[in-house]
Structures are given as structure tokens and as C-alpha cells.
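In the part that follows, the structures are each spelled out as C-alpha cells.
What follows is subunit A paired twice: with subunit B in the first complex and subunit C in the second.
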Partner chain A sequence: MKKKKFEWGYLLLLPGLGYIGFFVIVSAYIMIAQSFGLYNAITGEVSFTLEGWRNVFTKSFFDALWFTLRTSVLSALISIVITYPLALLMQKTKARKWLLPLIKIPYFVPGLVGSFLIVNLIDYHGLLNEVLLLLKIISEPMRLRNDANGIAVIAIHVWKNVPFMMIIMFSAIEGIRQDVKDCARNLGANSLQVLLHITIPLTVSSALVSVILTFIRTFNDYAISSTAGPMNPLSLSNLMKTTAYSYNDWVTAGCIGVLMTIVTVIFMVLYTVLGKYLQNGGK
Partner chain B sequence: MKKKRTIRPRSLTKKLVSFMIPAGVGLIFLAWIVVPIGMAVLWSLVNPDYPWSYPQIFPTNLSTFHWEHVFKYTNILGAIKNSLIVATITTVGCAALALPTAYAIGRRKLIGGETFKIVMLLPMAMPGMAMAIFLGRLFSQWGLANSYIGIALAHILCTLPLMLRILTVSFESVPQDIIDAAANLGAKPWDRFKEVYVPMIVPGLIAGCIFTFIGSMEEFNLSFIIGAPAIQTVPTILYSYLGYNFLRTNASVVTLVMMVPNIIVLMLTEHFIKTEYLGAALGKM
Partner chain C sequence: MSVRLTVSDVKLSYGDFQALKGVSFDIEPGQFVTLLGPSGCGKTTLLRCIAGFLEPQSGEIRFDGCIMNDVPPHKRNTAMCFQSYALFPHKTIYENIRFGLRMHKVPVTEHDELIQKAMDMVGLTGLGNRKPYELSGGQQQRVALARCVVVRPNLLLFDEPLSNLDAKLREKVRVEIRELQRELGITAIYVTHDQAEALAISDTIIAMNQGCIEQIAAPRTIYDKSANRFVADFIGTANLLRSSFREKDICNVVVDTDIGSFTALDDNYTKLDDISVSWRPEDMIPVLEGQDIPRGCNVVSGIVRNSVYMGDRLDIFMNCQEHVFRASVARDYVIPEGSSIRFAVPFAKTRIVQG
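Now for the complex of A and B:
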């Protein structure tokens, strides 16, 4: 009887995990095979080649890698620096009942919408430049959109990711039981000590988890960096898409895809390991 | 918790702090939410005969010209229809696929249950554009490119992880003693399912469906690669306005059109669902 029950359960895994497994394995297979020239969707002719792997490491690839890494690391760090204190302050205010739904709006609107809203503000004739001009802080408008440093890209990602982090951080901070804090207060800790010795240690792994998730999302982003980012350097996603569709070089595109996936997988592993730690030791 | 009564009158600095915190938080919110959206609203209402430029703080003349223009001469209504069709198929399919699996992982004591929780995150481990490009190749071979089913199949793949996570957490949090009590009182498996599981799972299921629906509505990479040019969704239309031919006024209109359903859904979620599903599903394993 026990055996029968087990078979039941494993069969139920099929619809969800089978679907995921099938499509992820198939698309990963196509990507890897493509990078060695072993897949051809159009003619079906295949031949093994290392050409792609020899060609992929060009200057534009390293530029794209550096640009993507820099924007994603910076936006994840800036986001957490804004979110952490804001979440702590939010928890203290009574207005959080109606502030919390409001702050979620950027998370719920599509990335492209965020891209437009922020570009609109920091454009050459956007609100930011006009206000700074009016206040005589700058003498001519700054070029922030499509700039090589990716300031617009970082700003958009921060705008969109702070609410996402807020959702995770706020539920972590709310999750600390009040009696733990009361206990510390009872033993003579002041509110700063409660913050340093209870709130922060209990939420720091949630902060790391949200930083990693944000990093992954930004690293793999296409829409935002292709609308607000510079033409040179491109982001990695954009470089891969351009290589495939504009230069019709599917082999090299496969190589870029494989390299991007490796980076993402490393950070996903970090995320799961940290999540496990959070579940076992954090609480 | 009962409010504590302070005996000492509060000092001035404390009063100031208790005023400063909400004021500061409120200001940040104003800058974060109200200003960007307000600017988009203003830009969408600019009258083309009275251009808005420096040093005018507000446009001098407002009109609905751009709204009428976008709705009359672009395919936005078709795109909204396409997005809604794809999102509906995606949500139904995603829920149907996720329910049995989440039940198995959440309730059955399977060997390797923890591993399955990691396997379900696999779609998140593949860059969106890489997934779109290489899945798109397969779909065009299978004749699924440029079809609703093709886009929906791809959307199900990228929305399944969150749906599975939320439902697994929901199933796990059903207390065993209630199920046992129901069984003890003579409930048959079907009754137990109907009377115990369903009421406790439905809020999670609704939350999961909402996130799936929104996720599908705003998904760009897969819709763009698999659907374009035959099927335009709202994000792909907006993308065309943000590219080489940047039209600020038209983009404002499309942006606002895209935001409305999401904000309505968000407010409904806040109103009907009390638990924080997203934080619970992604914050820990």
C-alpha cells in the first residue's frame, strides 16, 4: 500500500515539473547544440564547429559583459541601500496600510512602462534637467538617456526593483515576532540595540536573497537596456539577440547564451543555498 | 496588541521624529510614484498645436488628441485583445498544471521533496532572451510561432515557478490536524478535499492566478520573439514607440493604457487577499 501511494505522488509531479523540465531541457539543448553548430532550424544541415567559441570573445562581447555586470551589480546594491532603511521606517509609520499598496505599483507595471516613465523624467528635456536648469545648478541639460555609463538603465532598474525588494524585506521584518523585541527591551536594550542585534541579523539573509534575485533579473534584462541603454556597448541580452537576428550568426549567439546561462545558474545556486540557510538557521 | 500608555509627556524631539518619519516616507513615495505617472498623464494630454517645452512648468493647453490618435490609427485595441487572450490561456493552463504538482510537493511526503522545490525554479535560471530565442527556434519548427498557443505555452513556462511556489506554500500551510479531525468525523476523501483543502487553497490560487495573469500581460521577450510580427501584444507595441521612433506623447498613452489593468488588479489583490504571498513565496525556500 505504501508503494502505491508513492507512485501516485510522483505521477502528480509530472504536469508541473514535467512541463518545466521538458521545455527548459529542450531550449538549453538547442542553445548548447547551436553553439557547436549542431543545430539548424532552417536547413537541418549540421556540422560540428568550434568557430563560435573562437569568435565569441570579441571586444564588443567584453564591453557588453562589463556594461551588464556593472549596471546589474550597481542597481542591486543601490536598491537595497534604499529599501532597507525605507522598510524599517515603513514598519514604524501608521500610514503603511495605504503606502504599502502604493509602493508596489512599480513592481506591478511592466518593465517597459517603467522604462518610459523614468526616461521621460531624465531625458534631455525631462523634468530633472529642467528643474536643475531652473535652480541654476547646471548650465545645460545632462545627457542621461542612452549614455555609455548606463545611468538611465540603472535608474529604471532601481525604480522597479525597490518595490520588489520592499515586498520581500517588509514581510521579513514583519515576520519577527513582537515578543522577541519586547524581551530585548525588557532586558534593557534600547531601540538602536534592538535594531542592531535583533532586526538586522534576522533579516540580513532576506536582504541577500532579494539582492541576488534583483541581480539575476537585471543581468538578463533585454527590454529596459535596449530602450534606455546605449547603442555601444550593448547589454549581453541585446548583443545575443542582435548577433542572432541582425548578423544571422546563430552559432555565436548560442555561445553568448551559454555564457549568460552559466552566470545566471551560479547566482540561482547562491539563491537556493541562501534560501535554505534562511529556512534552517535564519528563523 | 494593546497600545501602551505613556505617563511622561512626549518630548519635543520625539514629537518631531514621529512627524518627520511619515512625512519623509510620504515624500519619497511622491517622488517615486506620483511624479513619474503624473508626467506621463500630462504628456499624453499635450495639445499638438501648443507644444510644451522649457521653461513652461505645465502645458498651456490640454487636449485628448493623442488619445484619439492612438486608438484610431494604431493597433492598440487589437494588441489589448491579443494580450488578454494569451493571458487567459496562460493563467488557466498554469493553474491546471501547477495544482496537482503543488499538492504532491506540499502534502505528500515524497523522497526528494526539497530537490523538486529547486527544480521548479529552473525557468528562472535561464536568461529570458536566451529562452525566447532558442525556444522560438523550436516553436517555428513546430509551427507554433505567431500563434496564441505558442505565446501562451512559452508564458506558462516562465510563470509556472511563481505559481508552483505560491501553491506549494499554500498546501504546506494547511494544518494536518484539521484534515485529521475531518477524517475523524467521518469525512470521505472527496469531502475532506472540498471542505478542508479548497477553502484554504483558494486565496493562494487566486493570488497565483493574479501574478500569472500580470506576468503574462507584461512579458516582453517571449511575446516579441515568438509572436512578432503576426501577433502584437501591448508590450511589443510600446516597445515600437520607445525604439528608434521615440514618440513621447503616443508612448505616454500606451503606457497609461498598460498600467490601468495592472493597478486595478493590484488594488483588488490588496483588498481581498490579506497574506503577503509574494514575500512568502520568494523570500525563503
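Now for the complex of A and C:
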């Protein structure tokens, strides 16, 4: 049998594969190893232990998990509820040429900067409270920042996610061919029926995908929850940071990191499966 | 139920560009009418005005005498076959066909029977559960057709529906469309730039150019008695030569050209300033050396420039002074390039056209 010649062209894959290998696989390995006490970048002393996995499932962890899941799911859902009709309206209006770039601005503002901006608006004596007091809608300022329900965190995530979703949703809506919509009208569908029978079914997959992608982004956020989130409960990323830096417990922090990654991977799988399912028309 | 369509002085502009410059015509119920013209002549714009997707800036569109200008597309009861088929990609073939029935609020109990009938009519039996992407172009076109006819529209509209199909399939589907329209008796308007398609399928052809109607006539009339230079040139192939009127007797018109005089059999001729003499390549009869020119014929002679074998015929391109004329003769002829040749063109096949 003829020996297969080495294809030098494969070397072109090295930069990409190197990136994946180094930053993803190696860092995932380090995190997993750390959770079992097999990696220590500070003292270098390593020994296998299950201590971290025994300690991680505390009330603080479950509170943080619930808080993070709740804020992520809510902010993703609120974002899509705002984005979907906005994208539909945007597609109809002639002003979209200048409105779209405006809406996209928060997407390019760093999370921390956006966080400070919104915090200043919703703080105890921020613009929102002052206006509501002035209008006598409230009698005393509301505590919206660092509140246990994560209202500020959700608000900032929504502010940040709507432009991201808009990019996906606007493209999806624009992608529907005009003749398909015209055909529906021609066959007797009014504007609402075109929306219900054509536009929504053809863009619902993009909406679901954008919700999942937004959820993953929000679930792993650190900057926003650390500036606008409560001290109790913490978000998972903040709990991980506090465990590592304040308690110097890098093993348990590694466990939290592994658990966060597992949740993310579950949603990534869900995203892929859902994408394929919808691509095959629900089969 | 089919309707009488009346279009009166319809005008529509896109900015400075006048897409329709006052178009008027009348279509009898059950007729199959083709809007024929080159790209950008306004035929699709006119079709979209009839469907209600575009609103004319002036003029009226009437269905059975009722003005439809302000009626939205979903209330006009027209059904359009789009160039791209415009099938709903997320629905099965069955659901695609059912869509119009649902929108027209046809009782659900009747859906199955009507859909089955429509699918059988267009030869799609058994394909109801497939998605559009699982079908060939020809099958997709049939789905679009079934989706249109199932709602029993007042008016069937076709926007170049066969342009994405190959030549053989195009011929097959156009026959099917015509048979179906005849069977159902629905008034149909068909947009195309393919003159062969228009001639083959229509009761009446409306030839359009630059937002205006050039001629409305039956296929045979529009081909044999083209109203002007544009129609003669666009529909089929025509040899055209600028000419000037010399004289007219009871049934013949004599005109002068720079290659000699031509006589045309035309008892309806009215004197025009700007005229051309026109004849079809297939009406040119080769006159071999030693043969006499038949009586009642004009003579065109020249040098063969190209001789192109087309399978079913031989196309001759001949130089005649500074003009190039085209003749189509039987494929058995052997006419070498560079040889001298004479053609006889019967007076009856010679036309005087405006322009």
C-alpha cells in the first residue's frame, strides 16, 4: 500500500489549534487539576484531595447558583422580550439606518463602564430615584443597587444584551425573503397573520439561540455582578473569586470553576442540539 | 369565479423614474394574458399593482368594475406564482397548500379533499409530508401552482414563474399551467420576457416597453402584424429596414429603402412619417442560381456572411450593402459562407411598421 504523503498545509491549522489547545484545553485541565489539589501556582505544593468537592456544596454555593441562574435566565428572557418587537419595528422603519448603530452602542461599551453608568442611574440618590421622588411616586428612595433580587444586575445585563440580541434578531428578520411575506399576504394573510405564521416561525430559532448565548454570557459574568450585585448572595463568579482571594482556598474555587464550566457546557450542548433540531424543522 | 380586469391610465414612478406611464387595458374573464417586454419595461411593477403590493400614483385597477386601488393584497383574492416560488420553508408541502385555505377561513373539514385534489391536479400526489427543500425546482413550481389554485382566486398572477427551470421542464410546466388555467377558467396574467413562452401560452399578449404598452393582440397577430419596430424586433426575430412611403393601391403599399423598393400586402395601411419595412427570417425563400423570382415577392440579395446550423434549421446571416439580414431555411440546404445568394420575400409576409 502506498504511504500517504504528509500534507504540509495542515501546519496552517497550528495557530488556531494552538489557541484552542493552550487557552481552552490546558486551562480546563488546570482548573480540574486544581479542584483535586493537583495544581498549585502559588506554593507549588500538590497532593490529591477531595476536600474541595466536600466543601463546595455549601448554602453560599447554592444561594450563589440560584442567584446567578435567576439573574441570567431573567435578563436573557427580558432582553428577548424587548429585542424581538424592537427588531420587528426596526425592520419596518426607515430610520433604522441611524437607529441600529445607536442601539448597538452598549454592546461595544466595556461591561464595567456600563455597570458604573447604570449604577449611577439607579443608585440610592441616582437619577431614577430622584425623579420618582420628585414625581411623588415613591416616598423614599428604593434600594436597587446591591439588592438581593439582583435588579441592578438584571438591568445592566439587559442594557448590555439587547444590542447583542439585536444583531442576531435583526439579521434573522431581514433574512426572511420579501416574496415569502408577499406570498402570504397574497394568499389572504393580514399583517398580524404574516407575523404569526411566517415571521415568528422563521425567526424563533434565532431567538432561542440568542437567548442561550446571552444566558451563557450572563451566567459567567464577573464585572457587572461585582459592581452592582449584592454581597449576599454572591454570584458564582464572585463566590469563586472571594473563595480564592479572600479565603485563599484555591481548591474549592477550582471546584466552583469546574461547576460553572459544566453548566456552560450543558447550555452549549443544548444550543447545538436545539440549533440542529430547528434546522431540521423540528425533527 | 374569474373576473374582468380593467386597468385604466395607471401611472407609477420610483423617484424620477417613471415605471408605468399611463397603462390601460381590459381583460375578459377567463382569458390568459401575457405581459411581455424586456427587463425594466414595467411588467412586474404592473403585476404587483394588480396584486396590491404597489399602489399606483394615479389611474384605476378594477375587478368586475370595482375599484381595487385601496383594497389591501389579502382582500383581493388574487393568487400569485412568484419567480422564486416563495414557498414557506418551515412548512411541509401540505401545509404550504393549506395556508391559503386557512387564511380564507375555508372549513377545516374541506381542507383534506381540496388539498388532495390540488396536489393530484399538479402531479404532487404523495409528496405532502416533504419540505420544500426536498423537492426539485419543477416540483416546487408545481407546489406554488397548487397553493394558488386551491384557494380558487379571482385572478391568477404569474411573475416569470418558469425562469428558474431548464428549457425542457419549462416547456412541460408551461403546458401544464395553460391546461390548468383552461380547466379552472380563472383569468390569468402572466409576466415574462420570453417571447416564445408568451406566444405559446397566451390568448392575448400585451407587449410593453419603457412603461408603455406597445401593442395588445393575439399571439398570431402580434407576430405576423407587429404594430411597430419595437414589437417586430422584440417578438421573434425580424429584419428591419428604414423606409419611406412611395405609393399605395387597393391592397399593396410600396416603400423605398436604400437597397431598393419593397411591396407589402397591407390593405389597412395609413400613411405614417416614420416607417420601416419588416419581414421574418423564416419567410425568406432562397432562390437558387437559374431560378426565377416567384411572382408577388420582394427580392433581397447579398453575400453569405455566416451559415449557422441550428439543428432544426439553417440560419443564414447575409451582408446586403451595409445591412445584415437573417434568413432561416430548411436544414438540408448547403449554403457556403462567402457565396452570393438571393431570397424572395412574399408581399404577404412583408410588413410596414411604425418606427
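Note that the second predicted complex is superposed on the first by the 263 of 283 C-alpha atoms of A that agree within 3 Å, B and C clash if a C-alpha of one lies under 4 Å from a C-alpha of the other, contacts with A are read in each partner's own complex, and residues count from 1 in each chain.
By our rule, a residue touches a chain if its C-beta (ideal position, glycine included) is under 8 Å from a C-beta of that chain, and two chains touch if they have at least 3 such contacts.
These figures come from a predicted structure and were not determined experimentally.
When the shared chain is aligned, subunit C comes close enough to touch A:A189, but subunit B does not.
Touch criterion not met for A:I122: it reaches neither subunit B nor subunit C.
In the superposition on chain A, A:V265 makes contact with subunit B only, while subunit C stays out of contact range. Between subunit B and subunit C, the partner in contact with more residues of subunit A is B.
When the two complexes are overlaid on their common chain A, residue A:I154 makes contact with neither subunit B nor subunit C.
When the two structures are aligned on the shared chain, A:L134 is found in touch with subunit B, with no touch to subunit C. In the superposition on chain A, contact is made by A:K94 with subunit B only, not with subunit C. Contacts from subunit B toward subunit A in the complex involve residues 1, 21-22, 24-26, 28-29, 32-33, 35-37, 39-40, 43, 53-55, 96-98, 100-105, 108, 110-111, 116, 118-131, 133-135, 137-138, 140-141, 153, 156-157, 160-161, 164, 214, 217-218, 220-221, 234-235, 238-239, 242-243, 248, 251-252, 255, 258-259, 262-263, 265-267, 270, 276, 278-280, 282-285.
Per the touch definition, subunit C reaches subunit A in the complex via residues 51-53, 72-75, 77-80, 82-84, 86-90, 99-100, 103-104, 131, 147, 151, 157. Contact residues of subunit A toward subunit C in the complex are 177, 179-180, 182-190, 193, 197-198, 201-202, 281.
Of all residues in subunit A, those touching subunit B in their complex are 5-6, 8-10, 12-17, 19-21, 23-24, 26-28, 30-31, 34, 39, 41, 86, 89-90, 92-95, 99-106, 108-113, 115-121, 125, 127, 130, 133-134, 159, 162, 167-168, 170-172, 174, 178, 206, 209-210, 213, 216, 219-223, 226-228, 236-238, 240-241, 244, 253-254, 257, 260-261, 264-265, 268, 272, 275-276, 278-279, 282-283.
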